[in-house]
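Once you've had a glance at the structure underneath, I'll fire off some questions.
Labels A, B, C, D, E and F are assigned to the chains in the order they are written; within every chain, residues are numbered from 1.
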């Protein structure tokens, strides 16, 4: 496997805040690219993130995505608070003379839109593997909660930081973390206290499913996993993602029914015979575009 | 305790694909009995499974059930794909000349019915302890997710295998696993990649709650636990199963209300005084049929 | 920090079954105070518990609460069954000559009211840290499941005891435990069997998030954590509690929307600038009453 | 059109409590056939009803069903209370010496099973038109609420009668009527008071969608409507039934998503081009079996 | 029947803003008693309303309730805005120097509490018949939406008035009206425009289920209906209310299951045999207290 | 009032398939403008519709919207089937050689996107009044179901037409109509049979809330109503729309809570005092932009 950043992914070269490469067939690697600022997010970055993942979602050349941060120091230090305070006067400081209900309306629209941008990672039809390393706080948790699989480097330091800037996290951490990790006591502990937790703790509670010794190793494992997923039937892999996300949010009965409806179409696929045949012939199956 | 398979359970001798024995008072042991084929399932087997668990559910002579696989090699290797491809032409290969909507209708009905058969284990009013060993892939996971308690032998090898045959699992794994295990990252990892995980990993993430050194030891612990549950108030035990399954799928407020309604009838039971009295007198309580 | 019980919290001295002290600014410590009876609960105690937590919920002098049991032997041994059998004739024994539907009506109202008293801990707007030690069975689990963070002493022995008195737990354990702990197999195991589990096991499955070597050490860590939470923005901390509880019971989409509505008002807070400024100036922020 | 009862529907002649005829291509007419007892239901009748509608649901020769009552006097007078009191001793009178929780368990299983039998009408994949006439009380309302379209004769007298026999209706009326009729005040009025309402009132509030001058006229319109539905694309008609029932019970967002999944398979149908072509050519389209 | 206000209901004479009389056995009549101010509500009134309906809910001497307004001019003109602006400075005008998040917290608690008081009418286990007359605007609609049956005098003028005082109705109208009336277009029309609608229109859309020529006639019909409901099995009537309210808010499947659980206790009632026997003997049944 | 189409609304002149005018302050009038083709929709039209309603939603110059069709003959004849069959080969006819699961994936994405465009009318934060006239079939019903208030001309002929082209309606009618109209029997009747219903019938069942003698009269009433809504507090009107739509899809308890959270911000508005003051002074209130 070549260096992950070597091959730009076709059709994604116009994005400016993310490096989008094509390390292996059907694999996209998206890197947050603002290492000088610890990959902190400005508004134009999350807008761009949404565009990228919408495009990946429908791109037949992509079957698995790795999301990581450029540079050695941080996956992302979260929201660029300095930039936010300048571009979003409603959020911090002078609201001029408009009343509280109108400020609330502006804030609500802003939060919706910000949530929608980050949720694009979850809505992406292709599986997303998030590789965390170094500093990973605030928005880093919101963002990684939208990924399907989380792995991290041993040096990762994570924190649901929002309480320390005087607010409840509102871009997805509080909505998704209770369903990503089994111990509600632990979830409450880290969300209420804003304390840092490290890679080992993240593995123990199940927030990440693997810890590697370095960022390089973690990215390599992330890419290798992506290559593995990309080699499998896209009908099977993308259906599995959709059905697991649906199950998280519904009763078992509703999930079973939705699954049956889904598969009544998705079983009409050549992938079943291709997969079975390859299994018998010990060959690598080929699957049509999706 | 005699050898588990020695005493046939009365009223269940006409079943042909499962051995149903009565190792202890109020305990039923159901063994999948097709060891020569690694206990792989054919359609007639899941239809029979539904009949068995429906009967157990209402049988006043049964208060706890152990489910395991016959033979040393496998709990079950899942769906017998060879048999399926012959008996269900709609699923694999030639659909003749009917259009996609009609194929979908046939598939949907088939999947519903298959789901319904496996869900009979969850709907059984008595607690079910599933003992896994050896090969336990594909349908093995769907099936064991319907049990209340899962324990396994150290040699168990598990896999959510469906992706490798070109389809998303649709008989319950994707619906129940996210609610049976706390780490959503781990659930996605094993479901998307179809990779094998072993007993130790299953214990660490909470998929099973105990690992024993051998199949024999695991079955013995399973039976001992079943005997323990069978010695307790059936009103209490069966109510607990029902209320926990309801809680999994509802808000805390709805679950509290449902619990209150449930217990407004179920507290009108002689089991409370029997249990209290036995506690004081250090005797073994006796409870009426249920 | 002075001895936790030294300073009575102003406005709470009229309560008789609980010691309510004020060990640090904005911190309340509520101790179940019936150590001679292993802190077992009588009806008047749960009624008082509700009053206390309702008052704490709206008390601007309180920002974090610690809940523990007085004495060395028990957090609480649960329901005082002896007292219950005397005060609630409908529950145990002679119902006179009223019919089953009327008994059910009385039981239903009783269970609702009992649930409502215990749920007051969860509804309290301020975070509650529960410190378990010694005997912690039956109602102890219902009660601690309502807290946000659970920690315990190494000597804690826990049990969902209700099955052993012939009934399904109905004051909250069965409703909340499946969402507090990731392993459903473990939850079913301990709830169906009523077996005891210790501190180490509780930590491993995530029921508690920390184990300390003694009750004293656990209470001290509980109080220190409470002090930490109390030093942070109450808008941020209380919002985080509310949003996490909402998330547990709703889909991610509904939770995101609710979060946005919530924060459209709660971001209009001076706490953001105070927190940011203190971060820059390395001073301790001060936040207005809430 | 021949007399509705003339042609027995093939494959249904072994049923004894219902007349099942085939008045037009793809149309089934099911008549409750116990006119001497005002078509009152005994247990064996509702068990048979379930079998019939399960069979109709999957029968490719049937595309629309009419349900009505034999004889001039009653659609049905509901439960045969006399028969019930004999066959179900748990329900009325002597429970022997079993305790309240065990009686409740028997009752619960009975009610589930009874509900399941009646719900078979709603679960039937083909549209069901219910024609009411004469006496239509108690179970008549539960049953007709499961149909898709309700029409009635001018002489119909309806009542949610259960309150007058000392119980809340539990076979579906209270679950479905609030979603079948817009005025909740009216629903409460008739359910709480058990008062009779006539055809005109039923039309005004929307319980029925048409009133005809006589039973004969109502049956004829019912059959004509069934013939119309049976002449249309079965993919379209059966999908519409399924999606409307799903919509009733879900949010608009969930319904939209379910609809899209459903149609992703069901639009792969030759019925679209057949229907379009017939529209252009002014011919009667032919649709393949479903 | 004597004049409705003649007999004070025992145990309710200490209330000051409502007249609570006992016009017939098991019937309570609650009259809003501030006619000089068009029965407009002050805070102490809604607090008292909650107390009254909580007491009625558990009072075995009451089986049906009529709610109406004293005087000829108004059922109620809604919130007493003048009183509100004085007692609730947070709502209107000067909030002092507290920030928006803290104002929001106070408002949220206020609205919850106000909602909870009005919802007490819905939570009352006994059926409530609301008789509207004259002016019935703003809170009048919130309040009457909590009743089970609504009837009105021909002179009633109703309006969802809140938009005209610059706010969205928040005490229940917007939550309940869409489920009380079938035409969503009509609901939106009257809620968005705050326009007045009269008795005839209210009947046509199903908001009320009966219109009488005068207040006196409407109250008389209300009392007569209450007497009718009070003469029936309280187990049946109260269960019907509970199950209909549950059905409104749940899927049909969940409602059916809840109904079965409910009736597994409530069918164990002497009311069934009493009701059946009276039916046969043409006598008036007597039912035990509930 | 000038002719509705006279003043183009500023900022909307670049749209080509819709005429967007500004007949009164804060009022937008959107006309479907393809009268030569009976206002039938092509893909570019629904994409444009989404853009328009997104823009209107956030436009502070707009407080109420009227949606109608240009020309005398039709509101809209629905989907332009001819255009659809050319631009969407997946839908009708040749799918080339891709398998059923891949066709389903394309169809699913298409339906989602189409649904999303039409739902933009419902998501628009400002109230939308839909004026129907002449032919209003197929997509006309999906579209008008997204509006808040529906009125129509006496000559309107409506039909849920999709069954007649061999498919179940999937752009919203089946999801929204059961919640817009109270009689489920009527909803099923018109959706299953695809039969035409006229203005009078639509009024009787509550689908529309007003019928006017001609298109001109209906548009005039629509515009007058819009002017009325636009003259009121935008905080109140837009909140009412949001809360009613939320209520439709949630339990009463959830709706009450959401309402309280919403109003905790939205009551912090100058509109309350403006509205109250104008009420007292009999002047026309002025409200700030929203």
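Everything below uses one rule, namely that a contact is a pair of C-beta atoms (placed from the backbone, for glycine too) under 8 Å apart; a residue touches a chain by one contact, two chains touch by 3 or more.
Predicted model, so just to flag it, every value in this text is computed and none were measured.
Chemist: C-F or B-F: which has the larger count of contacting C-beta pairs?
Modeler: C-F
Chemist: What is the distance, in whole Å, between the centres of chain B and chain C, each centre taken as the mean of its C-alpha atoms?
Modeler: 34
Chemist: Report the inter-centroid distance (CA atoms only) between chain B and chain E in whole Å.
Modeler: About 48 Å separates the centre of chain B from that of chain E.
Chemist: Give the residues of chain E that touch two or more other chains, as numbers and ranges in rising order.
Modeler: In chain E, residues 100, 103-105, 108, 179, 181-183, 205-206, 235, 248, 253, 261-262, 264-269, 271 touch at least two other chains, as defined above.
Chemist: Once you've mapped the touching chain pairs, tell me: line, ring, star, complete or other?
Modeler: Contact pattern: complete, every chain touching every other.
Chemist: Using the touch definition from the top, list the residues of chain E that touch chain D in their complex.
Modeler: For this pair, the touching residues of chain E are 127, 148-150, 179-183, 205-209, 225, 228-229, 232-233, 235-237, 239-244, 247-248, 251-253, 255-257, 259-269, 271-276, 279, 285, 287.
Chemist: Inside the complex, what are the residues of chain D that reach chain C?
Modeler: Within the complex, chain D touches chain C at residues 100, 103-104, 253.
Chemist: Show which residues of chain C lie in contact with chain E when the two form their complex.
Modeler: Per the stated touch rule, the residues are 58, 98-102, 104-105, 109, 235, 265-271, 288-290.
Chemist: Quick one: in the complex, what on chain D touches chain E?
Modeler: 81, 85, 91-93, 95, 100, 103-105, 107-108, 111-112, 115, 119, 122, 162-170, 172, 174-179, 181-189, 191-194, 205-206, 248-250
Chemist: Can you list the residues on chain B that touch chain E in the complex?
Modeler: The contact residues of chain B facing chain E are 258, 261-262, 264-265, 268.
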